[in-house]
């Protein structure tokens, strides 16, 4: 399903090379002023065509708001935004039906939908479907910023080249400001050249490369979330895995915690004035599924773009035989920079729901 | 919330030192024969007191089935099982209210529930609440086994000592048989001694240690799951993060894929007779959120048990001051062996729901 | 499914002649003091054996609270209550399997569950399953009363003998007080004799009789509910139709409004001090799915108890032939008096969810 | 909320005088051929401007399908349809903000959304929002017709003028054919003149009139639905009350059953060949929340259109005083004829979900 949420539900629709894509957001509070420029800015960060790390396909990606907004304020009724598909080239994908691309959803989509799914450009499985998520996240982010929350993400790694990590107990607003508008978001900007070189090398060798994104929610009030199945980790992961290419997620110290001793991993409490804090933040701001008031920190792992120019082995589903495939068309050699605003958006939508559950929205 | 699921919903209840714990399972198909011995076996694998890796607390953990079963077959009505708490020692935990244990949900639970939550033994946050999950999973597993699915997990690592991994394209039934009844489930059993020594060392030094669990779903038919928010990764992660101590999850190559090139990570398709397979399984049996027919593979990271005997710094919420805390009582120095059947159970509950969605149950 | 709710979910379990019945209530606010005597009082109103209108089956119906309550206050964790079945006589029902009782769920349950459902005493379809609803409602009612809401219902009619209706704009607290403890709840108590005579006449003629229940929610704040599918009417009806025998529901003027002109049915607004009110209440306190601040009023229609002593025609599903059936055993000739506290309870559970949605809980 | 459904979810959006209205339908099976002419036919039946019973506002109401359909077949991805608003006259409604119209959601919407809701033409509360429901229902109906189900409704009454009722055990296909394309759907067409005269009389006296709609689902297989809260009555009612003006619903004999004896109301079973049927159908095809195989029958009560031309008393929310209001603009004196296709549509969406739950879709 392409719907998600409880208090604030999103319902994403569209196919890559159809008429358009979009989202309905149901359950927004009324009277929230929307800064459209900020929304466009987020859409633009995700949009392709920025530089050589991305596909040269151009999409203006201007959302047309059909409902739910009056005089730039939410009305409380469902907000529907439609983004037209203006630059579709279905000819590039003519052979996919018979020969599923390795690493893509071509094969599984064909089984799931008995061959009736729209395969042009990946159809509903396309990374393009993250644009409506960015839109919905940009709306949710404005609600959260009014409450003093900031959400910021950065490219934590591309291949084995790593950015610095967030200081998990202290995330300056200025850093959030900078990351929130960047199209190649890094804490340590000196890593950009090296990362771009790696991506370019992959592009030149008709290959692609994966990476990780780290995201922080700053200002998360203590006491949101729930034990067991509506814990913050479960809620965030259930939306983040909706982003194509995400294959792993970890909170706080995450997998590294699995090699730690309790005495290392436990974050001791102390009073900072009247506020209970921890000096370290291996718990990623979450204990028992509930926020501690420390920044919520998570990292998502993205696999390398499966569309690569190299010849690959696959099957011909029509002829029932093994075959080879060369994918033409326009593809990102590295999806990670464009995934940053998508992950920020998913986190914003998740947090809006988490706060609503405990009457903090 | 402590409820999870769509077609088959579980609703877990109970507190560690209250009258009992249990689960309601709603939406089970009718007429499923239940092998109670197999259910007890799974409960017993999770139960404490087995050996020195676990807390010496003894619980018989015999579920009392209140409803939903007649003549050992499901009736289709909600199945409720209650497990009495027979061995409670609330005196051990008398100081928790004022001084939250580092790494525990004591602090966040106190904020979330305004101090009204039951703190004895961790209350509803206790690892003991995984017993009802194991029960529900054992029921779901019997449904899946009738359909030729097998779910098996093992201790993938304790600290930095690693077991072998599943061969992700070939998981022998005999291995599943062995793992499914083991209380210290390893593929390479030669690692047991080393792992136990590490755990014992932690225990002797009043410390604890984390680890990872790897789980495979064998026989998963192709075509289950959905794009976006009801993808297999999202569904499994949303229940697995309901297990206390889980701080990360990855599917297939997972975080390792983030360092790979597309040419390495892509799993090429081939025909094995009439069946489309992949020779490698970096995709963990999931493409576009949908099963490919290859084994579904995931790994969960568990943090070290936060309850350690060492003196730790914390706050006194009553006196509003920094203080120190020594935790007495019975605690597992390593939760990982007992987490194995819990993760198998969570996977079984998730897969039953995934199959129901596509009319394959 | 036997689960209902969003912010506060109930999950009902049990079968009439099994070990027990009960409910898990998930999502309750923490710290709500529970007056157990008031809960027992509500349970007792629904319990059979009160008088000749009801089945002589005796059930003590004392709920055993397994979890979620500490020192008589809710902990915020799921509250599970189990009511043991102490007085089961499965022998009375031996022939139901083959010969479905007219008007009962025997036939449809048999199809739905492929013959595996527990048929003794109606199994999960039994009216006895309303006891857990009354329990859950009694808990929710205590939350609502703290916020100044009152919920009261009465026997609006038995057969064609009608009680007075609520004055829909003015429901005195004293009336609520009286109705809330009555086992034969009437506004105009002079109707009791006539109604009891009708029920007795039905009993003597081996027959049964239907009726209606009217329910009011007093003190409902304006602004709860939503347009379209989470409107108050939709939410209340979706739980009220979960009560066996309910075949109709109407809000405010309801079906009578279908014969009215707009000029008659419209309730004009006026200021009563600073509060906007209406002088009439044909809208039943609900406009556009949202509460107006006037009392919410609805009526539910209950069919006559299908278990009657007269010989009836039915089929023999085993012999595949038409046959006749005589039902023995203990049955209420009129379920309406006992349905009153059940409908109050369902309303309370619905209203708790409606208020939670708009942060008014 | 404006979202509804489980296996097949609809998410309705739009405001009466905004850019447009529409719906996302998520979870449709793939490969369903859509007959667009049949969809337009249903849209057209609901559209205003047909005759003097309806508002003269003209809307072409042609849905623009943005996604989810390829070569006239569903792709399995979410289907989004947008209907543009072409004929908006917001000037007519200039005074609503301050003076809520009696019987409308103006007052409650203002409270619920703190005055930020779009009030032009009723905004999201407008009856115009039933157009997307009709669209979604027309899609669902085509799925159901492939499985041999028919859904038909008629004007059961306008004011106190009644149409004949369905013969609840025998609903001819020809009758369904005729009702399904009618804009003034009656079983006994001789009642049309009298009904139209009553409506015209109300129109001329600046008044309006209510009515009832009866709906039948023919071919419903036995065994769909569930006991308790996912029973057919609860599912259908929860969507039908999403239709503005509906204030009551009854299934089978409904409220009339409340005056019956069990011996009258019980429908005796018999074998018709191999099929178990009932000779009467007071149970409306539903026992214990589950379908019996007999036609599912329900009736909905619609209040008179609250917009009437007569001067009415109300309050001025700005001036905080009592005042009077005269509503100008275009309004249906009777909504009932146009509600018929809306109720058919809601029933179709409900039944698609009910069948999906039991793997019958």
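Assorted remarks:
By letter and in written order, the chains are A, B, C and D; residue numbering begins at 1 in each of them.
Here is the rule we go by: a contact is a pair of C-beta atoms (placed from the backbone, for glycine too) under 8 Å apart; a residue touches a chain by one contact, two chains touch by 3 or more.
Here the structure is a predicted model, which means the values were calculated and not measured.
Counting steps between touching chains, the shortest path from chain A to chain C takes 1.
Looking at A-D alongside B-D, one finds more C-beta pairs in contact between the chains of A-D.
Spacing of chain C relative to chain D, judged by their CA centroids, is 26 angstrom.
Averaged C-alpha coordinates give centres for chain A and chain D that are 39 Å from one another. Centres computed as Cα averages put chain B at a distance of 46 Å from chain D. Shared interface positions of chain C, i.e. residues touching 2 or more other chains, are given as 1-3, 12, 77, 112, 124, 227. Residues 1-4, 12, 100, 102-105, 107-109, 111-112, 124-125, 129, 157, 159-160, 202, 207-212, 222-231, 233-235, 237-239, 241-242, 244, 246-255, 257-271, 274, 276, 278, 282-284, 286-293, 301-308, 310, 312-315, 317, 320-322, 358 of chain A touch chain B in their complex. Remark: chain C residues 1-3, 9, 11-15, 18-22, 24, 26-27, 30-31, 64-68, 70, 73-80, 82, 112-118, 123-124 touch chain B in the complex.
Note for the complex: chain D touches chain B at residues 6-7, 77, 227, 357, 359, 361.
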